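Please go over the structures that come below.
Same chain, two partners: chain A is paired with chain B first, then with chain C.
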Partner chain A sequence: MRTLCFAMWRQLLGRWGWLWWGLALVVLLRLHFDPTLGRAHLGGYLASVALGPSILLLRLGAVLQQRRRQGWPLEECLRNPSAWRAPFAEVLSTGGLILAWLLLACLGPHLPGLAQPRAGQELFPITVPQANADGSWTLDLEGRCPPNAQVLLTVDWLQADEALRSAGTATYGAADGRQITLVAGELAAWPLLPQEASQGQALLPPLPEGLELLRPLTRLSVDSPGLAELPRLLWAQALFFLPLLGIFLAWARAGRIRGPLAAWATLALAGLVALPGGNQDLPADALGLVARALLGVKAFLPGVDSLLATGDDFARHLQATSFASILMWWMLGILGFAAACLRRPPFRP
Partner chain B sequence: MSSSWLLWLTRTWLALAAVALLAGHLKPPGLEGLGELQSWWTARRYEQAGLERNLPRMAELGEDLLQQRGEGAPAEFAGYLLAWAAPSPSMGYSREESASLADQGRTYLRAQLPMQPSPWPSLQILANSLVLRSRLGQEEAERLQGLSLYASWMAAGGGMVNANLQSSGAERTAAAYRELLRRPAQERPLWLASRLQGEDALPLQDTEQLLAPVFGDTGER
Partner chain C sequence: MVDVSSEVVLQLQSLGLARGKKRLAEGLNLSLSKGERALVIGGNGSGKTTLSWVLLGLLPKAGGELTRPDRIGFAPQDPRFPLELRVDAYLHQLGTLQGWPARQTKEAASRTMERFQLQALAKERIGTLSRGWQQRVNLARAWLGEPPLLLLDEAQTALDPEGMQSLQAALEEADAPAALLLAPPHVGCESLAPIGLTLAGHAGLPTYTGEPS
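The block that comes next holds the complex of A and B.
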């Protein structure tokens, strides 16, 4: 097994591959956390780090195809009739490399001389439509957001009546018991209900008589994690990527699809799973139909998209992923691995 | 080599995924990482435009950065230079040129405002520019519009300078807004104008001085 793993590592990385990966990490760290050139944004860094496992998966596909051409499947049949050793070595070596990459990516930003990403609030523009007939507003939050998200309201008091203007405060509440105090000259933070955050739609109750909502200045505010949260976020990436190896092996070995094609198909599946959930306005044209079909497929897959929350708006996609969803995702990976170990006649190159 | 139906299924799957990717309904892992590289390069070109004092180019690249990674500060700064700093009398432009620059800046800021994560600083720049940098003949209407925007800015207490920082004078601004509310409606424009020209006026600096420290024009890079 050890020989198989070392052979796999050699083929995955090449002779000087480790050096290129190290160099890539140094470049990434400079790009993101250089005190003058970097933006020190955790979401951007996480997105760049996610490139690593994706490249390793594509590389694994290329190696499998290379081995197929070299007659490895026939060797496997002759040497190991139960046929689990080679797939296991492939998972073990590629998974080990993914974990090593994520570990290095976790340690890298702590090096001295690099800018530190700050924890705090992040703001996102949201479109506030015209008020409903009862004066309330139905907000489309453009996807799910964390349960502790708030909507920042700018309220104009100039048209309020004399009593309200001189008081400078007003109570603003909803029928469900949520209540805040509006203060003239201050931003108001309206808390969202957990189900509003998870559905990506919220209802703002009508403002007190005479107060006006400045709709273009309304923003969504979510908590953004700092560097201390990086290990947890990268661990979530590991939980996302490792089962993909099993799914890929099922595609390539049990399905007998060429390695590179199977790797791209697995990445496309990962892209679908990683698509943030929530309501989406889809066009009624052909593209909309394709998107609907894909979202239909996504409905059957476990909701683990938050494990791969990356990019500039990663903070608004950070959710607690249920243990059941993670378990289902891993079960898919394990089933894929089991399917890959099933005995098949040798592949033809 | 493989089950032909599975091969076709895989190819169809990949074709559908490619279409969905182009339509923005798929998020392959790592794709945003490539976008990060692109926006990093855009940020370097923005800095280069700053070193060359090329304000229209800065505005264009600032808009790109806002769209690529939702970062509002470059667009806000380009808007500040166009709408407020460059048309200042000390820059030596003719009155017409200054008014044209300010017009460009205001159009730019108005267009960026809905996309800005923190719109309040842009609102303040826009209000200042409308009230104090208006073109001859359009002054009254623009001034009133600017004062209205200024009142909106005050209603948010100056808003958040960035996502983590409340405006430094938030309490002072909130107190001033409450004072505005206590005044009769007909007195408000005059009160707002005097305050805008006094306490809440944007700092006016020479563009040359402003660009140098921001973009490190000291041979450090």
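The block that comes next holds the complex of A and C.
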């Protein structure tokens, strides 16, 4: 098996491939964490790092196609009737490279001379509609949020009565027991219930008499992880990408699809899975219909999108992914691998 | 005591061949024991390659009975190679694919390279070899690990006289496996093995059959 894995590595990377990957990592680190030029934002870095496994998957597709031309399928058929060794070597070698890349990406930002991403809170604007009849507001959070997310409220005290204004504080609470103290001149942080965060919809109770909510200034506040959280975030990427290898092999080997095409199809599926699902109103035009159709397909796939939380707003997509979803995602990968191991002639009979 | 030389390795009884809906041959009879060899002669499109696919278990047979060993060494008519690999590295990979441990793989590769005088070219990339030497690599990979049956499709292709001698010597080794050679008529393969089957091809089903001497 070691011989087969080394052979795959040589084909995947080429002679100087490791040098290019090292160079790419150095460029990424300078790009994101340069003390002068870099943004030192983990979301951007995670997005760049996620390109690595994607490129490796495309490379595997090209290598598989090259191996077809080299007559390997016939040799596999003749020499390994149970047909698992070659796919296993492909998964092992590519999976190993993905893990090595993520490990390097994890260690890279700790190098001296690089700016460190700061942990803290990130704010995202949310649209607050007109108040309901009872004075409450139904908030659309545009997708699921982390369970510790809060809604930051800016309250206008000018219309409050004299007593309230002179006190400068007011109690603001909901029937479910949540309660905070509003202080004049300060932002108020309203905690979300876990189910509100997971559903992406929240109900703000009516403000005390005389206080007015400045709706355009309402923000969603989520904790942004710092560098200490990077290993966990990259491990989540590994959990996301490794099953893709099985799915890819199912298409390329069991489905006899050309390697590069199967790799692009797998990445398209990954993109669909990683699409953050929102419950916002989609327009009724053609683009809206496409988006609806994609979200409809996504509904049948495991909800593992937060494993691949990347980009500027990655913090708000960092939800705890359920073990059941991860298990289902991995089961898809394992089933794909099993399908790829079924023996079949190297041509259509 | 069992006489090993009389072990039947390959047996075809009224075997039929078809490619899709097109029937290529019927009533093929042949029996090969360990150490025996036979030649299948047939013109273009007569079903030689189809016969080899059926014997390898890659195509279903169209009737009749077929007894074959689990492991067959196959040298295809149009060999394909990973041209960037060295000869020894390629044979090692094939052995690993078969599930052999490293030492066994190394020994098997060494023996098969010796058989076809490939040792001097062991570190050469396959792509840099001439067509004749690539054919020797093709034969070497079929012999790798001495399978009980060899299936050699137009094995003589591109071989020089020295290569033909190597092939003949390999076929005539004391503990040589059974070998079925496939070739078009009049290419001089009759010296390698007696004619066992003649595929009539399009001109007329069924085929002439004979017993290897």
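Keep in mind that, in the parts below, the second predicted complex is superposed on the first by the 344 of 349 C-alpha atoms of A that agree within 3 Å, B and C clash if a C-alpha of one lies under 4 Å from a C-alpha of the other, contacts with A are read in each partner's own complex, and residues count from 1 in each chain.
The working rule: a contact is a pair of C-beta atoms (placed from the backbone, for glycine too) under 8 Å apart; a residue touches a chain by one contact, two chains touch by 3 or more.
Predicted model only: the values in this text are computed from it and were never measured.
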- [ ] Give one word, clash or fit, describing how chain B and chain C relate on chain A after superposing.
- [x] fit
Open item on the list: Between chain B and chain C, which one contacts more residues of chain A in the superposed model?
Closed with: B
Open item on the list: Just to be sure I read the superposition right, which of the two partners does A:R85 touch: chain B = first, chain C = second, or both, or neither?
Closed with: second
- [ ] With the two complexes superposed on chain A, say which partner A:T3 touches: chain B (first), chain C (second), both, or neither.
- [x] second
Open item on the list: According to the stated criteria, A:A149 is in contact with first (chain B), second (chain C), both, or neither; which is it?
Closed with: neither
TODO: With the two complexes superposed on chain A, say which partner A:C341 touches: chain B (first), chain C (second), both, or neither.
DONE: neither
TODO: Scan A:Q70 for contacts with chain B and chain C and give back first, second, both or neither.
DONE: second
- [ ] Using centres of C-alpha atoms, tell me the angle at chain A that chain B and chain C span after the overlay, to the nearest 10°.
- [x] 140
- [ ] Mind working out whether A:L56 is in touch with chain B, chain C, both or neither, as first, second, both or neither?
- [x] neither
Task: Gap in Å between nearest CA atoms once chain C and chain B share a frame through chain A - done: 15
TODO: Check chain A for residues that touch chain B in one structure and chain C in the other, and list them.
DONE: 347
TODO: Would you tell me which residues of chain A are touching chain B in their complex?
DONE: 31-32, 36-37, 39, 41, 44, 47-55, 118, 120-125, 127, 154-158, 160, 165-166, 168, 183-187, 214, 216-217, 219, 221, 224, 240-241, 251, 255-258, 261-262, 264-265, 267-272, 274-276, 280, 282, 287, 290-291, 293-295, 308, 310-313, 347-348
Task: chain A-facing residues of chain B, complex - done: 1-3, 6-7, 10-11, 13-14, 16-17, 19-21, 23, 25-37, 40, 43-44, 69-71, 113-120, 123, 151-152, 154-157, 159-160, 163-164, 170, 173-178, 180-182, 185, 188, 216, 220-221
Open item on the list: Looking at the complex, which residues from chain A come into contact with chain C?
Closed with: 1-4, 7, 67, 69-72, 74-81, 85-86, 345-347, 349
- [ ] Mind listing the chain C positions that touch chain A in their complex?
- [x] 53, 56, 58-60, 70-72, 74, 76, 79-83, 85, 89, 92-94, 96-99, 102, 105, 141
